[in-house]
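Here chain A shows up in two complexes: once beside chain B, once beside chain C.
After this line comes the complex of A and B, so read on.
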């Protein structure tokens, strides 16, 4: 094993392996507790004022809270695949004064970037610790899976983890129950639909990109692979090493290529699923009929807009303010405005679909508008700091279409 | 007696909401009248101070309330009374158009044209052309039933 990395040597672009220095944190967090330790260190040393975490109620329930209590950060540790919350939505001008750090899935990190472009938060004061994500699961579906496939009760569960394409549940009696995710997905269980179509698995737009892909066998489960993406990321890690919370070492070539390979496989699966879901519909009346049918059960509760992480309009938004039931004879103004609004900004995180009480597949609908537009402008939202194409002052501003971070399309 | 559905369709004439910029196409409409250029009575003109004042909400509301098409007109590029308003219109327009196309509306139902204050003849010609295109397409799918 090579020697530990000194804090002064950390720079942007480094690929490292790390773990929490204290035994307690290692046992709490998954994969060596690196992320928990970095967050705790940032809070302890005053690098950030508050940390945004998920406060755990059970394996299936958690809610986002801002905290400056290190103990609470330690308690929040865990992968929580069955709590698909988008933390970025909590970052509003009125709530995120001061410096903040948060752990973020790729979709959270993308939402943070998009919210920063819309002045909902200051990018300098927000430290984003990205986590690799192969997908999350809807809590309701997890319960159904437990009942029908695993034959377990929800109260028996002590934890879960996704290991090598298998979803593993740990029960309180210390046993492991593993089922391949492909088998679950064949029965429309398993990951959420938006996750199965997701096209960013490694959050290279965050300050740090952490995850267990690329961790060598002898460290499996005890170490985290971390790529340093920005200067803010360097600060986070330096701070954590200097305060003795984290130990780091250089990652080897094999680990780096293994990580790339996992990423490639995951993205390939997403492409396949996307081709299955987004079947082209003929131009014209038929396509309109499809949208009308899907939206016919909408009760106009507005929950999809309320939870949308890229929408920063607040209370007085065009979509709700001018929409009237009297004009919503075939389709409502609310949806038309949302379709346009999201055509350049939808990150496909699936929050809208999760909260919809009428079970409308909203993410699919929004993505139908977003994909062609984002392709045309070569703009993938939430990846770079390029101005969204809709905000361009001149058509030419969109013509220099390179550099939107759209290489993965 | 209720008219048959066919009768409504036969009596159907396109209704087009037209947004005219105060500084050019609105005066162009005057010019078309003064010059006695013939044009169909299909337009419902709304005057705006600049074509960039037209918000997507205005366009969608027009469609939802029964317009068969929406025509936005403004000054030629470079002639904007407010420096570059019409360039912003162009960006917005391209977004609205691809969104409506994806929704299943024909491309001709949302149009953008630059007409200056002195182009009365062009104004009448554009009105004739757009009306004819929309007449070929028939009523919009977004039109509420029972609205002529």
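After this line comes the complex of A and C, so read on.
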């Protein structure tokens, strides 16, 4: 085992292995409790004023809260694959006073970036601790899986984890129950559809990118692989080490390539799924009919707009200004305006679909509009602070710029 | 660092309709003490999986104007309002006193309210007068529910409600059933996208045209405007076919309130207002229910209610009714209440809060009239009655004697609907006339209210239009962007219109008009 990393030596680009120094935090948090310890240290030392966390109600239920209480941060520790919330939506000018830290899945981190571009938050005052993510699950489906596949009652569950392509439930009697995610997804169970198509698994757009991919066998379950992405990430780690919350060491090449390999496999699965789902509809009439049919059950509740983490319009929004329930159009103007408006910012997080009372596959519809536009402009939203293409003067201006991250053209 | 506000998060349910969808209410209290609310999605809720309709998302507006206690027209303390109510009730004759609660509060409060009513030899009326016009033997059917999940697995769904506007969180269950191969048959004037077959039928035609099987579900609703012919016809169809009836309700605890008031003779809303008008009722006590929001014609209801000697209102929300009241007891908002509601499926759900203010007021009033009760024993009695061990989103009520045939027979009373037709009924009211005639004379249409949660709760929605079909629009010579004149009872309103796929002879509206008519009544249409 290599030596512990000194705080002073931490720099952008480092790839490290780490864990919480305290046994309590290691046992509470997943993969050695590094993320919990970094958040707790940031609060304890005043590096940040508040932390945005998911307050746990049960294994299947949690809600976002801002807290300055370290104990609340500790209680929020652990995997929550069954709570598919995008935390970025909570970051608003009226809630973002002072410095804030949050744990962020890739889609949360992408939404933070997009919100920052729209002045909904201060990027300097927001510390984003990215978490690798292979996908999340809707609690309604999880309950169904438990009942029909695992033959377990929700009350028996003590925790869950995704390990080597399997969804593992830990029951209160100390047993583990594992089923391959592929098998679950063959039954339309398992991960949310948006997660199955997700293009970012390691949040390299965050200040730190943390996860268990690349953790060597002897540290499995007890350590976190962390990549330092920004100076803010350096500060977070230095602060955590200096205050005695975290221990770090250099990751070895084997771990680094193992992490890359997992990422590649996951992205490959997403590409495959996308090819299945986004079959082009070449004929204009058919395409219109597809969208009309999918949207015909819309009840105009507005939940998709309300929950969207990249929409910062509030009440002053084009989608509601230029549509009315009194319209008799064949297709919803509300959605058409939103399709256009989000075509350069939709990150495909699936929140809209999660909350749609008419179960319209909204993420697919929005992505069908957004992906061609994003390809055209070589722009993947939420990855860098690059100006969204619709704000640029000419399409060719975008051609020259770096940071789009999209290699699909 | 100055934290701008503090937050309290309540794991609550939506008061919008009898489905009782799960949600979070986020209460944000600023440094100055000002409270604002936000709604968040509770995806683990088994009723709605976190999904909400437009009403659910607009709950901050529903909760926007909290009530303060009043005695006379003066603001008072809570205790003073309770004492004033006690004094007022001491001086009234039991025969001229009525208690009204539509089901918009917890079972615990309804039970305490019932105890108070019992002290005067009365019961709590819910406004669903149709119960009293149906044989007692049929009442048990209303207490038999099925879960929303079960709907997904039936072979045929017969929809006597419009899930798109009335009960939006029902829609996903019907869509899932359809995805699994179920046939969806819709009965009503509007063509619904989910329908495989669509009929506009009179109640007497249900049995002739519709042929459900044993593995079908008949989804209808029962509410203060329900007509007996329609409800009876649905029950008959269920009995003849063996299909399961599933009755939805407009208020979050309508099902609980109906069970708890099962022994009470129920008047229709119209009869209740008529009895106030004729001074048969001189004192009225309303619990968390605004009669002005429920009445078909608000203006007429204001006149009628002003004839009362005493109007006592216990409510958490400001509304027209509290403005008319002699005494207002201000209670806590629904999401802060400690207590339970029984949803349309028969789930006994916690309201989400920990305050007992509303219950305390009612229990102290009941105690003043010799009926002692405490929250613990009320809950115990409720749980036993409902056949559940605790309030839990995943357990269902066991139908038992609460509303069984052993209940004392309710007195049968024929509701006196002025229009004489059911809301869901189809009438032949469209008179054939040329466009020229339409300009000068107009023609008649049946006015159907969509009876959405917005309408039941008197909340503004973006619904300043009526719906007509293209044929009617052409017949009336209406032009895009124009308005249609609607006349009834010597009054006239002019509104915008939209073209929808609805039956000829019908006009649908999501907002009430100032006509003293119940839904289904004929109105005259013409163009400006």
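A few notes on this one:
We adopt the following convention: the second predicted complex is superposed on the first by the 396 of 409 C-alpha atoms of A that agree within 3 Å, B and C clash if a C-alpha of one lies under 4 Å from a C-alpha of the other, contacts with A are read in each partner's own complex, and residues count from 1 in each chain.
Convention: a residue touches a chain if its C-beta (ideal position, glycine included) is under 8 Å from a C-beta of that chain, and two chains touch if they have at least 3 such contacts.
Worth saying up front: this structure is predicted, and the values here are computed from it rather than measured.
Superimposing the complexes on chain A yields a three-chain arrangement in which chain B and chain C fit side by side. In the superposition on chain A, contact of A:291 is made with chain B only, not with chain C. Look at A:98: by the touch rule set out above, it reaches chain C but stays clear of chain B.
When the two complexes are overlaid on their common chain A, residue A:212 makes contact with neither chain B nor chain C.
Working from the superposition on chain A, the chain A vertex angle toward chain B and chain C, CA centres, sits at 70° in steps of 10.
When the two complexes are overlaid on their common chain A, residue A:224 makes contact with neither chain B nor chain C. When the two complexes are overlaid on their common chain A, residue A:344 makes contact with chain B while staying clear of chain C. Of the two partner chains placed by the overlay, only chain B lies in contact with A:372; chain C stays clear of it. By the document's definition of touching, of the two partners only chain C reaches A:357; chain B does not. Of the two partner chains placed by the overlay, chain B and chain C both lie in contact with A:328. Of the two partner chains, chain C is the only one touched by A:303; chain B is not.
When the two structures are aligned on their common chain, the gap between the nearest CA atoms of chain B and chain C comes to 7 Å. Residues 327-328 of chain A contact both chain B in one complex and chain C in the other.
Those residues of chain B that touch chain A in the complex are listed here as 55-57, 60-61, 64-65, 84, 87-88, 90-92, 94-96, 98-99, 101-106, 141-142, 144-145. By the touch rule above, chain C contacts chain A in their complex via residues 1-4, 7, 9, 11, 24, 40-44, 46, 48-54, 56-57, 164-165, 168-169, 171-172, 175-176, 193-194, 462-465, 496, 498-500. The part of chain A that touches chain C in the complex is made up of residues 49-50, 55, 57-58, 60-61, 63-66, 68, 83-85, 94-95, 97-99, 138-140, 143, 296-297, 299-303, 306-307, 324-328, 354-359. Within the complex formed with chain B, the residues of chain A that make contact are 283-291, 318, 322, 327-333, 336-337, 339-340, 343-344, 368-369, 372-373, 376, 389-390, 392-395, 397-398.
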